[in-house]
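Okay, structure first, notes after.
Chains here go by letter, A, B, C, D and E, matching the order in which they are written, and residues are numbered from 1 within each.
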Amino acid sequence: MVGNIILYFVVALAIVIFSIMAVTTKKILRAATYLLFVLIGVAIFYFQLGYEFLGAIQVAVYAGGIMVLFVFAILLTHKPNANAAPLGSHRKIAGILASVIGGGLLLWALFTMPMLETSEGVRSLSDAIAGGPDISMKMIGRAFTGTEKYQYLLPFEAVSVLLLACIIGGVTVARKR
Amino acid sequence: MGVTLPILILALPFFMFLLLGIGGVKMSRKVAGILGILGMGTTMTLAYIVAFTYFFSGDPAFILDGVRQQFQVFDVTWLAFTEKLVVKIGFLLDPICAMMLVVITTISFMVHLYSWGYMEGERGFQRYYAFLSLFTFSMLGLVVATNIFQMYIFWELVGVSSFLLIGFFYRLPSAVSASKKAFIVTRFADLGFLLGILTLTYFTDTFNFVDMTSNPMNVLAETGGATFMGASVLTWAMVLIFTGGMGKSAMLPLHIWLPDAMEGPTPVSALIHAATMVVAGVYLVARMFPVYCVVDASMTFVTVVGAITAFYAAVVACTQIDIKRVLAFSTISQIAFMMVSLGVASTGGVGDGHHYTGLGYMAGMFHLFTHAMFKALLFLGAGALIHAVHSNDYTKMGGLRKYMPITHWTFLIGCLAIAGIPPFSGFFSKDEMLAAMFNNNWIWGAWMTMVAGLTAFYMFRLYYLIFWWEENPDYAHHKPHDAPWQMSVPLIFLAAVSCVAGFIPFGELVTWNGAPYHIHLEAPVACTSIIVALAAIALATKMYMKKNDLPTKFKNALPGLWTAAHRRFYWDEIYLFITHKIIFGCISKPIAWFDRHVIDATMDGFAKVTQKVSFAIRGMQSGNVQAYVLWYFFGALALAFITWICLL
Amino acid sequence: MDYSQFGAMLPELIILGIFLIVFLADTFSPENGKKFLTPMTTVLMLLATVAIWIVPSCGEAVFGGMYVDGPACKAMKCVLNVGAWICMLEAAKWVESDVMYYRKGEFYELILVTLFGMYLMISARHFLLFIIGLESASLPIAALVAYNKDKYESHEAAIKYIITAVFSSAILLTGLSFVYAFSGGSLYFSDIAVQITSGEMSGLLIFALTFVLAGIGFKLSLVPMHLWTADVYQGAPTSVTAYLSVVSKGAAAFAFFIIFVQVFGQVYSAAWEWMLYAVIIATITVGNLFAMRQKNMKRFMAFSSVSQAGYIMLGVMAANQLGMASMMFYILVYVVSNLGAFAVIQMIEDRTGLVSMDDYNGLHKTNPYLAVAMTLAMFSLAGIPPFAGFFSKILIFTSVTSHQNSMALYMLVLIALINTIISLYYYLLVVKAMWISADEPKIGAFKSGKCEKVALTVCVLGIVFLGLVSYVYKYFIDSVGAETLLALN
Amino acid sequence: MFGNILIWFVIIPVLMMAGLGLCRNSSMAAIRTVMVVGSTILLALAIWLCVDFLALRAAGNDAEMLFTGSWMWYAPLNIHLAVGVDGISVLMLMLSAIIVFAGTFASWKINPLPKNFFLWFALLSTGVFGFFISIDMFTMFMFYEVALIPMYLLIGVWGTGRKEYSAMKLTLMLMGGSAFLMLGLLGIYWHSAPEGGELTWNILEIAKNNAVDPSWQNLLFCFTFVGFGVLGAMFPFHTWSPDGHACAPTAVSMLHAGVLMKLGGYGCFRIAIYLLPAAANELAWIFIILTGISVVYGAFSACVQTDLKYINAYSSVSHCGMVLFALLMLNTTAMTGAILQMLSHGLMTALFFALIGMIYGRTHTRDIRQMGGLMQIMPYLGVCYMIAGFASLGLPGLSGFVAEMTIFFGAWEDSDLFHRVFVIAATCSIVITAVYILRVVGKLLLGKVQDEHHWQLTDATWFERLSTVTLIACIAGIGFFPNWINETIQHSFLPIVQAIQNAI
Amino acid sequence: MDLNILWYLVPSVVMFAAGVYGFVTRKNMIAMLVSLELILNSADLNFVIFNRFLFPDSMEGMVFSLFAIAIAAAETAVAIAIIINIYRAIGSTDIVETNKMKH
């Protein structure tokens, strides 16, 4: 319980700090690194929320796959310590405004959402975890291969087509001839 | 009477118009002239037959118990505005109409004949005859109208014929502008006429003359006592209708077109601007006479306008140099005479047995008849003079009596007739008119007697300046001579008529209600007018018979008056001011400017503003994709905000 | 585990089948033996269109309600398929060019995959499937946009497109996450439609709808999500631009309608009505205002298509059977009109490299048929009778005004109508350049290829007859009828 | 469907277009043949229709519309291709056929691209004929727009002067009007069945049910009236007219001023007034003010113009203003006058523009200050011009007089001060008209020849004569024998006036 | 005091805001992609949070997140391919370099 809270604070703080650093640091490779920390933080949240599989995927795909892609790309296009300085102050102010107003409004919206009026909305993490079944790999496996309601064979197949297309697209774009 | 003859009377001139107008280009002059004259001669014959039948056949349709009847020969629907307001084209035969048929066809025929000589060698000879036919057709249609709208139709048509004929010499700018002026001024007057018809028929629900005039009190009743600005609606209607007459008959202040109309060929002036068309106003008042009678105010209006015009025109006539202008002003003055005569005829009311009721009417019509004859004679004479000396100015004439005896004598007869010297026709008609005026109110009588004196004066001034005074030295190069027979015959004929027309028992034929009226000379009035006329002639003789410096002295004694009269009391300048400065300068030009620079500019402005906005917002598409994303994001927030606002 | 359910996805299967054939043929044929690719693909596409149209749809929800292929969906897919087919025909010449020679197989493959994605967008009745369809429809296009490797504009266009696309998909995902909060735990459309009612409005729902609108609106180039449009249209290869402007946009419009009317229909007046007012007015007006200044034909068409998107959205505003059918009809007409215009633009660009409106001056002297086709296309886009564009416009206005007591909707239509004047202005500018301008023509006479001829003929026939033959519209109405009811219940 | 005579009014121009499509661009003879044959058939058809119509009426067929036919088109929206004619439509068809016929000859030597010119010309005629035969608002509107758009190219390509600007302005303004119009029509459609009956676009059915919700009528009336009013050159939406007319080629000016502007007036009473009578009663005064201004304003503006076409364009503003003005008097007589005025103005303006085109074709100027005394050089054209002028200023015996008088007498039936004032103002226009017509005639035809080069010019050719004679014959025909037309029109107005009366 | 839904939402919103900021201010295209990942992760996290707290008995949100990760990967791949392509073409991955087409 308390451990959960402490873990939450640590991770939340890390996410907040590294998010901000990721978008403000001048070195692009650092930005990627901070992003990695954020992604791991998010993965920890997933674990904490009881979605271990998702957390694992997050680490594997994001931290493992996408980050590598980023690093490769950065190395391909930059010297490692290339400058990633933001733009002039106009754009910065606009960006700050956008993020503050957008974030503020979203916070306001989330804090006033109607679900908070209901008992489900305000239940604690432990209640929430207790309220649902444990997500087993078997369940996930069934869900991904089933064709009934709440089963996702079709999206699974569809996303494969998407990925294939992206491969073709990426190759077409990237190859020289 | 069958309908054939009346229809032919109308159709023949129209047919001649089409024939000569369309086929004229292919005809030789001679053929065209002969065709025109023959056509007109036939028409005249037919008109005579109809008129004589009407007056003398004794058919009960025409005369019943000694009272002449109004007889609609035919009346066919032309256009039905509403169920009741139906425009018909018809042929109404009654005393004034019959008289006018005679007058119009006679003069027209004479003019046709005369023109053969006068217009010889002019370009557009065929066209000229076509227009004459058109005019005759229109004028006949006007006088036979069974209803006020038919009259209006032909009223417009005579207007346009007049326009065409005044502008016959269309290569001359002065002729063009004169014709325009004539058309527009009369058109303006016709606007009044139209409004008058609208107002009147709104109440009467009929256009028909007989319906209106046989029961004039009904007309008054139908207006239901409606008034507008203090005067009864009927008064307004009749005054407005009279406005039309003022325009056509050149009453003050709408007279200005007539002197200028002398730019047309002289025979045209004789036909249209002396004998026939210009009396249309008189004819109109005579036609509507019973209705005028029930509203005194409108009659007074007619009288006053007539009296002022008569005097004004007479004064101006004394100072003009152009002989046709003198005759034109004389015409105005004489028509005004008729107007006054009609105006004074009613006073005393209808049906109260007043002795003189109707005398003015009869006299006016009588004068219309005689005036047509002698004024046409004078104009044709003037034409012969112009033909001889190739100028309109009397300064280019003088002493012509030796060179042109026929013209001289016939002109003299005309002058005597218009001056009111017995036994010429003018005397009789003028005497009746003056009698009517004196009987109405001595002021009118005295006033018009004075005008009669002025008439005698300026006519003899003209006569002497042309035929006596001093010979123009140019005659040596170019000896003036009498006109060819085609021109002389009409002169002699008309002179003869002017001599004898006074003895026609007019009262037996033409009266306002059809009942015969026995003319008897009013000795005091007659004597007065003769004395005044003779005195005026004597004065003219003194001043103008032999060349002397009396006229100059006279002119110098009253320089302001003379110049003002010579310049026709500046009416033309006033009109010019109104048309050019006010209508064109202060209305049309600003409106045209407004249209281009405000209305149109507004429309263009929409386009321009759109362009401007389009240009102004192009920064949105800055080319920087991050800016696009910002727009995207803020746009989404704004949409959320809009929704939130709208839901509040 | 009823795998026979895949049988219900006939259109998708057909497209995937073609995709596979092309893929295999492309991969396993010798380098110099790929001449058959173009004719094969186009013929297959034509057959596919006919097949999709003829074979009756099962009309039932499969995969637990995740996928529906009702008559309306089928009709929409037909429209898109026709569009894609014409695009391919128009591209035929370009595809055979030297730069493209080794990559034409990929070109067709990518087009087919995006088409597949669009089919999923239309048929999806679950947000997951929908988002996959959306991404399949938009990501490969980025690759297509970047196809002209030797042209800088193509790169710039590609980066602009992908940047905006990923951002908008991120926003869309965020929005969907909020929607999920309201969904009662299910992302099936039918479940959400029951859950989200106008009972209570909250900031979160507004954001959810706004972000979803923004996410889909990006594909439709609704203002203010439209800014990528012009640059991308200008920079992309013309065939891709054509494809983007009609097929991609059409699919997004259908999806938009389905999502907003069928899923969020209950909160129409409570949540997104005013949002859509603002978006439509802004889209039509801004698109028009920008279009009137453009000289580059592709850029010009881009802004014109922005404005057209606003008109398409009017069908959503109507939010009923008429609106849906009118929108479908509008898109079909838009497909033939826009592709007609693009066919001409592409042909001229291929032959001469000229894309400026000024280059079109006096076109009628050298290429009268092209000038006529372009004129008809412009008239149709401007909504001039008797061409199809007139009917599509008036029908969509009719559908909006069917809410006969809503003064606001009438005023919206009025604004749209007034905007048609501006649009008429700039469409006429093209006509003016071609017919009225007295300059010597810069574009010489040239012959068009077979495929281009077919494409142009189809477009012109469509422009002339689609409106006059009322059958098409009736077909749409009938096909929509059943399904709208099905989904809304 | 093809058994209905009215359909052929649309089919024939379409066939003409098809025929032209087959002609080679250079083959002037073939193009002319197609046009002459087509327009002659149309004219014959119009005459036949007219005779047939009168015969049916004489036989006692009192149906509101004759030769009706209705074929379902867009079933879901109940859109029909519904045709039918009453007396007014018959006359309008006649007018259109005459002007198309005359216009064909007036553009005998059109250059360049004769084929395209006549193609668009035929499309324009299709729209015009289609508009007049329609009794379904949708098809009516469709044909209305079909008639508008060819104007752009016709002016833009074959025009003179600032043609691009003018063509654009004309097109955009008219389309602006039709934007309002379209919304009005949609509103009428959606309010055409208040008690839940079947919605309809059919004018007769809507009128029969007197259906449109009164609370919506005012708005819709404004939309439809303004929409049609723009085409009727109503102040202040008239400014397309002077520029457009000035730049258009001869035949287009003829057709536009002669027929197209009539579409505005026709629509105003057939849709705005007939279908929305309550609003017409209530709001007429606003538009009376506007149209009254048009009448006087147009006439005054014409007084100071120097370009022949501008003069006639402003004159058209005045005369067409009179049409709308009369329609708004809402009584049979005045409305009859309005139709007469449409016919009259159509014919005489067409004649005017034809003549101006012919004169311009010879002198290459339309500035009256640079011309003069043309009567001596080309008497035939001069005489025709004068006849047109006389018709315009309302000379009895020509059509203008009949129309104007009917209008004035009808307008005078409303006896309140407001109407009186505006009617008097309108009547004043006849004087102003005389002023500007005579000004032109005086400067252009009479007086001295201004430019010595003009002496070499020739008079009209045979096709020009044919074109003008046709028009003059019609002008004089109406002027001489107006009553049968008058009765036909009055009869046709009965249901409309009845609707207005019922709505008071 | 116990962890409830709002606790988790706050970092998510911060990620979103930071992502937006970075996306519009970073010059480098790859840095923009980095920011984008933040936004995507925020959305994923939202799904998971809502799933856990509001609808714990189903797993729609979690599955959605799973797919979203796959989609994000695809997006990134294509984007990076294009970026590399641009780098080859113009020698820079600066976003401000690509603003030739405008207005």
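Convention: a residue touches a chain if its C-beta (ideal position, glycine included) is under 8 Å from a C-beta of that chain, and two chains touch if they have at least 3 such contacts.
Predicted model only: the values in this text are computed from it and were never measured.
Under the contact definition stated at the top, the chains bordering both subunit A and subunit E are B, C.
The chains in contact with subunit A as well as with subunit C are B, E.
Highest C-beta contact pair count among chain pairs: A-E. A centroid comparison over C-alpha atoms places A as the chain most distant from subunit D.
In this assembly, the chain whose C-alpha centre lies farthest from subunit C is B. Every chain gets a centre from its CA atoms, and the centre nearest the mean of all protein CA atoms is that of D. For the pair subunit A and subunit B, the distance between C-alpha centroids works out to 102 Å. Averaged C-alpha coordinates put the centre of subunit A at 69 Å from the centre of subunit D. Note: centroid distance subunit B to subunit D, computed from Cα atoms, is 37 Å. Separating the CA-averaged centres of subunit B and subunit C is a span of 77 Å.
The set of subunit A residues that touch two or more partner chains comprises 87, 91, 94-95, 98, 102, 105-106, 110, 115, 150, 152, 155, 159, 162, 166, 169-171, 173. Contact of a single residue of subunit D with at least two other chains is seen at positions 172. Multi-chain contact residues of subunit B (touching two or more other chains): 607, 618, 621, 623, 625-627, 629-630, 633-634, 637, 640. Screening every pair of chains for touch gives A-B, A-C, A-E, B-C, B-D, B-E, C-D, C-E. For subunit E in complex with subunit B, the residues that touch the partner chain are 20, 23-25, 32, 95-96, 98-103. On the subunit B side of its complex with subunit D, the touching residues are 77-82, 85, 87, 149, 152-154, 156-157, 160, 163, 167, 170-173, 176-177, 180, 183-184, 187-188, 191, 194-195, 198-199, 201-202, 579, 583-584, 587-589, 591-592, 595, 599-600, 602-604, 607.
Interface residues of subunit A, counted against subunit C in their complex, comprise 105-106, 108-110, 112-115, 145-155, 158-159, 161-162, 164-166, 168-173, 177.
On subunit A, the positions that touch subunit E within their shared complex are 1, 4-5, 8, 11-12, 15-16, 19-20, 22-24, 28, 31-32, 35, 38-39, 41-42, 45-46, 49-51, 53-54, 57-58, 61-62, 65-66, 69-70, 73-74, 76-78, 82, 84-87, 91-92, 94-96, 98-100, 102-103, 106-107, 110-111, 115-116, 120-126, 128-129, 131-133, 135, 139-140, 143, 150, 152, 155, 159, 162-163, 166-167, 169-171, 173-174, 176. Here subunit D touches subunit C in the complex through residues 73-77, 79, 113, 138, 141-143, 145-146, 149, 152-153, 156-157, 163-164, 167-168, 171-172, 175-176, 179-180, 182-183, 186-187, 189-191, 219, going by the rule given at the top.
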